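Shared between the two complexes below is chain A, which has chain B as its partner in the first and chain C in the second.
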Partner chain A sequence: MRKISLDKINQLFAEISSKSSLYIPVDTAAGAKFEKYDGTKTMSDALNTVRSAKDFFFPQTENMVDFKVEGKNIEIVEPVNEYEDFVVFGVRACDVKSFEILDRVFLADPVDNFYKNRREHGIIVSMACTKPAETCFCGTFGIDAASPAGDIVCHKTDDTLYLDAKTEKGAQLLDSLNALTEETDSSAVDAQKAKTAEIMKKLPLAGLDASAFGADKTMEFFNAPEWKELSEACLGCGTCTFVCPTCQCYDIKDFSTGHEVKRFRCWDSCMYSDFTRMAHGNIRNSQLERFRQRFMHKLVYYPTNNEGIFGCVGCGRCLAKCPINMNIVKVMKKLGGNK
Partner chain B sequence: MMNDPHIPVIGVVTDIRIDTPDVKTFRVVTPDGKKAFDHMPGQCAMLSIPGVGEAMFSITSSPTNTEFMEFSIKKCGCLTQWLHAMEVGQQITIRGPYGNAFPVDTEFAGKDMLFIAGGIGLAPLRSVINYCRHYRDRYGKIDIVYGSRSMEDLVDYKEIIDEWVKDDGIDVHLTIDREQPEWTGHVGFVPNYVKELGFDTNKTAILCGPPIMIKFTLAGLQELGFDKTQVYTTMELRMKCGVGKCGRCNIGPKYVCKDGPVFRCDQVDELPDEY
Partner chain C sequence: MQEIKREDLIAKAAQLLADGTVDRVIGWKKGEFDYDVTPAVFTSKEELESEFVWNDFCGANFSKYLRKEADKTESKVMAFLKPCDTYSFNQLLTEHKFDREKVYVVGIPCNGMLDDSKIKERANGISSVSEENGKVVVDTLYDGKITLERAEVLAERCANCKSKKHAAYDELLGEEGEVLDSARFDEVEKLEAMTADERFAFWQNELSRCIRCNACRNICPACTCEKCVFDNPASGVENKAISDSFEEKMFHIIRAFHVAGRCTDCGECSRVCPQNIPLHLLNRKFIKDMNEFYGEYQAGAEVGSRAPIVDFTTEDIEPCDAVERGGENA
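Up next, the complex of A and B:
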């Protein structure tokens, strides 16, 4: 484990950003967000960014292929995507876990090469939480906010940043920063972890239990009468899906520029009526059906297809952002018998 | 080249057959005149007109056709409207094959086959039927029940009359919904006709057609004594990626594009009623 005084964190950022792009969470008028480090920015102390970190690997819009159409002929032009090497600094434990959940979709056969390329070019430097919020429930899904995964794991105390490499990629990066950091033992970090664990225990959602849900429980929950009440006020705005670190549904659209057609993918939402609409009709005509799809996917369908792993990381963004204050926690409490 | 599953190749439409007032069959090859890829009966391909859209279509030609692929497409939405407006020589894009296939070489081997189709539902079955005809000695007796609204709406009528009915060991039972002066065959809906014909239950049945037809035909087959494990169908939902990632064609935990489109009817029972 290495450490560096927080006074020198900008030197650390400068060193990293001299070799590859570096993104750090910064405070903006619209809340914390990841921005490219340019020597002037300072790292946000916010618990989490407003948008999740999924953009780094699964951007909101992405050009996949272009077509030149001339008369009856089509020419396929594959865009030259130059994938930059980048380091994303300060990712929280929940968001790091979300990458594993996305990996299981995008890296499953056949591999999505757009995602894979970004994944291979990115180094994740995570940041342990010390002040989890009332909306946090990562513990429900077995995530320890004080011990995130990542290529390098950071712990921040009042005056020091501790860095611990967890992967080959992380070790290489950390080694390259040796001139700025010094070797240390883990006692300060261990003390901090113990302190955070105490805070975690007292969080309002600490007792939230997901064990009622999981693989192969489709029929148990699909026809539950509670969906009606739960979904009644849902506006279908899709905010929950856009701030969600694990929502990965996308649309593929063509855009004609006049002299060529650009085919791109963009985030889509199962909360929208168009999502499943076909020429002959729609299988999910009501908001109840769309609402149910989202939560069944996170709590039952995804675990069914992925060895019981849930499709939620408990980051709490949807709790904070839903305009009608409906969220996965309420769904779990109502359907899962949680108090 | 990125070699990503979302990126298609060029297909050239070399022949357009007008099947019915709203169904055309398109023959597609690559620009150098070859088949774009191999497939198994029941699998699908994503066809697109850049700038208009992309959608999943079942490959109606048999894998035993080594020269080209065919798609029978009903005009019913935006993209299909454009496809119907195409002329021979038009290039489109194609990618695939997608989905599982009918278990033609395993569960179907050695069985008597009963194909039941309604309207454009014949399109995915034609691939299996012609596969079974090609490898005729691998299968027992073949019965085909096919119905449409009218005589004009029978897809592949020429191939049925010129080829299928002439084959040994194949019985073709056609029906149309309402009487027509020039029609001498059976009149009535497919589910009733299947019950009237009263097949013995020592068969594997494959169903494809409008949801309402599937529902009543399946019930009819069960009345005749068929078990759901003997009945297969093929499903269709909205798709974008074709490879189980974009998240929209699921029925419960199953993605129709990847885990389907072919399902055995007892497997469908294990899924929520959302299709």
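Up next, the complex of A and C:
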């Protein structure tokens, strides 16, 4: 494990950004967001960014291919598939876990090369949490906020940043920073982890239990009468899906400029009335069905297809952002019986 | 702190359910925390007593829910409406969006609602939010009790409340208030005072955060199309994402045009925006312009009024005069 005084953190950022693009969370008037480090920015102390970190690997909109039409010729222009190396600094445990959930979708056969390319070029430097919010419930899904995954794991105390490489990619990056950092033992980090563990136990959602849900539970929940009440006030907007770090659905569309066609993909939402249109229309005609789909996907369908792993990481963004304050915690409590 | 008590609202709703006046009640349901209140339908006194909540976080405007709820009732559906909500209610009636006979409105006074995002900016790990001696007391996991002035965490639309007077009700609980002389156009005037470039940069910055979740549209009581043009694949403009930097601005500007003259300035669009975009400022600009060009007009103040832009009079401003306003800043 290495450490660096927080006074020198800008030197650390300067060094990393001299070799590859570096993104850090910064405070803005509208909350924290990841921005490219340019030598002037200061790292945010906010618990989490407003938008999740999935944008780095699965951007909201991306161009897939262009068709240029000239007379009777159609030229197919492949998008650039070589992405630059980049480092995302300060990703929280929940968002790091979300990459694993996305990997199981995008890296499974057939591999999504857009996503794979970005994953291979990205280095994740995570940041342990010390002050989780009342809306946090990552522990429900077996995530330890004090010990995130990542290529390099960071712990920040009042005056020092501790860095521990967990992968080969991470070790390479950390080695390249040896001139700025010094070797240290893990006692300060262990003390912080113990303190955070105590806080985690006191969080209001600490007792939330997902064990009622999981693989092959479709028929237990699909026809539950509670869906009616749960979905009653749903507006059918896409806020929960778009702030969610694990929602992965997208639509592919052609945009005609008159002389060429741009084929792009963009995030889609199962909450929308025009989601997954078949020849006969949307397969889910009511908001109850659309609402149910989203939560069944997180709590039952995804685990069914992925060895019991849940499709939620407990980041709490949907709790904070839903216009009507309906969310996965309320769904779990209502359906799973735990209060 | 709200002057009317939860118990009084429950008693009124229970009485109306018991005597058969209504069979459904739209109210607020308590959540996991003190601030995450959800709109819900109640059908019994027991449900009301266990889950109904009335506090400083009951900002949701129920008027739009009446569109679907009015179709579900055998007798009437009751809605608790705050003064600002009743303007949306009247506007929806003006547009024949539901059957007035199917609805029973209980008007309730409102002392302004708090903005939970403003509280979260000032407090980490919120255990509870309460009120002591007119101040907001937030109990936190990390910093103990934090005392905040009500004014600093009041929702923007409530700080600039336009009316404590109900524009409609079947029954009123508490005292009737007055239409207020609000400062709601002050922010618009600041934007008007900018140069065109500054103003463009302002909106560029704000609207660039849009994630096209459609929360603003779906919550909006003036957005009542059965099928929005942006949800219709056959329209040619359907889109679920920002395809370039221009499109996101067009979405919001077109929406503002579409609700012009019908927007009551209820402020729900800005309340629900997950990206904190001050969308109400677009609508307020339109309202201010209409007031200046055609005389004072408040959408939803009464049922059946015609908005100035769909009601020609010989006194109307000539388009050429409207275009020349603003001088060098136009």
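In this text, the second predicted complex is superposed on the first by the 330 of 339 C-alpha atoms of A that agree within 3 Å, B and C clash if a C-alpha of one lies under 4 Å from a C-alpha of the other, contacts with A are read in each partner's own complex, and residues count from 1 in each chain.
We take it that contacts are C-beta pairs under 8 Å (C-beta built on N, C-alpha and C of every residue); 3 or more make two chains touch, one makes a residue touch a chain.
Keep in mind it's a predicted model, so treat the numbers as computed, not measured.
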Next item on the list: Using the superposition on chain A described above, determine whether A:Glu35 touches chain B (first), chain C (second), both, or neither.
Entry: neither
Margin query: With both complexes overlaid on chain A, does A:Asp268 touch chain B (first), chain C (second), both or neither?
Written below: both
Check: Regarding the shared-chain residue A:Lys131, is it in contact with chain B (first), chain C (second), both, or neither?
Finding: second
Check: Which of the two partners, first being chain B and second being chain C, lies in contact with A:Asp144: first, second, both, or neither?
Finding: neither
Note to self: Quick one: is A:Asp251 in contact with chain B, with chain C, with both, or with neither? Answer first, second, both or neither.
What the structure shows: both
Check: Of the partners chain B and chain C, which touch A:Asp103 in the superposed model: first, second, both, neither?
Finding: neither
Margin query: Output check: A:Leu205 vs chain B and chain C. Expected answer is one of first, second, both, neither. What do you get?
Written below: second
Notebook entry, point to check: After superposition on the shared chain, which partner residues are touched by A:Asp27: those of chain B (first), chain C (second), both, or neither?
Noted result: neither
Check: Where does A:Arg277 make contact in the superposed view: on chain B (first), on chain C (second), on both, or on neither?
Finding: both
Item checked: Contact residues of chain A, present in both the chain B and the chain C interface -> 251, 268, 277
Next item on the list: Would you mind writing out the residues of chain B in touch with chain A in their complex?
Entry: 1-10, 48, 50-54, 76-78, 80, 87, 89-93, 236-238, 240-241, 243-250, 252-253, 270-272, 274-275
Checklist line | Footprint of chain A on chain C - complex, ascending | finding: 31-33, 36-41, 60, 65, 117, 120, 124-127, 141-142, 209, 211-215, 217-219, 227, 231-233, 238-243, 271-272, 274-277
Item checked: Footprint of chain C on chain A - complex, ascending -> 29-31, 47, 50-51, 60-61, 131-135, 199, 202-205, 229, 232-233, 235-239, 241-243, 251, 253, 255, 262, 264, 266-269, 272-274, 277, 319-321, 323-326, 329-330
Checklist line | Residues of chain A touching chain B in the complex | finding: 64-65, 67, 69, 72-74, 76, 78, 81, 105-106, 108, 110-114, 218-219, 222-223, 248-252, 254, 256, 261, 263, 265, 268, 270, 275-280, 283-284, 289, 293, 296-297, 300-302, 304-305
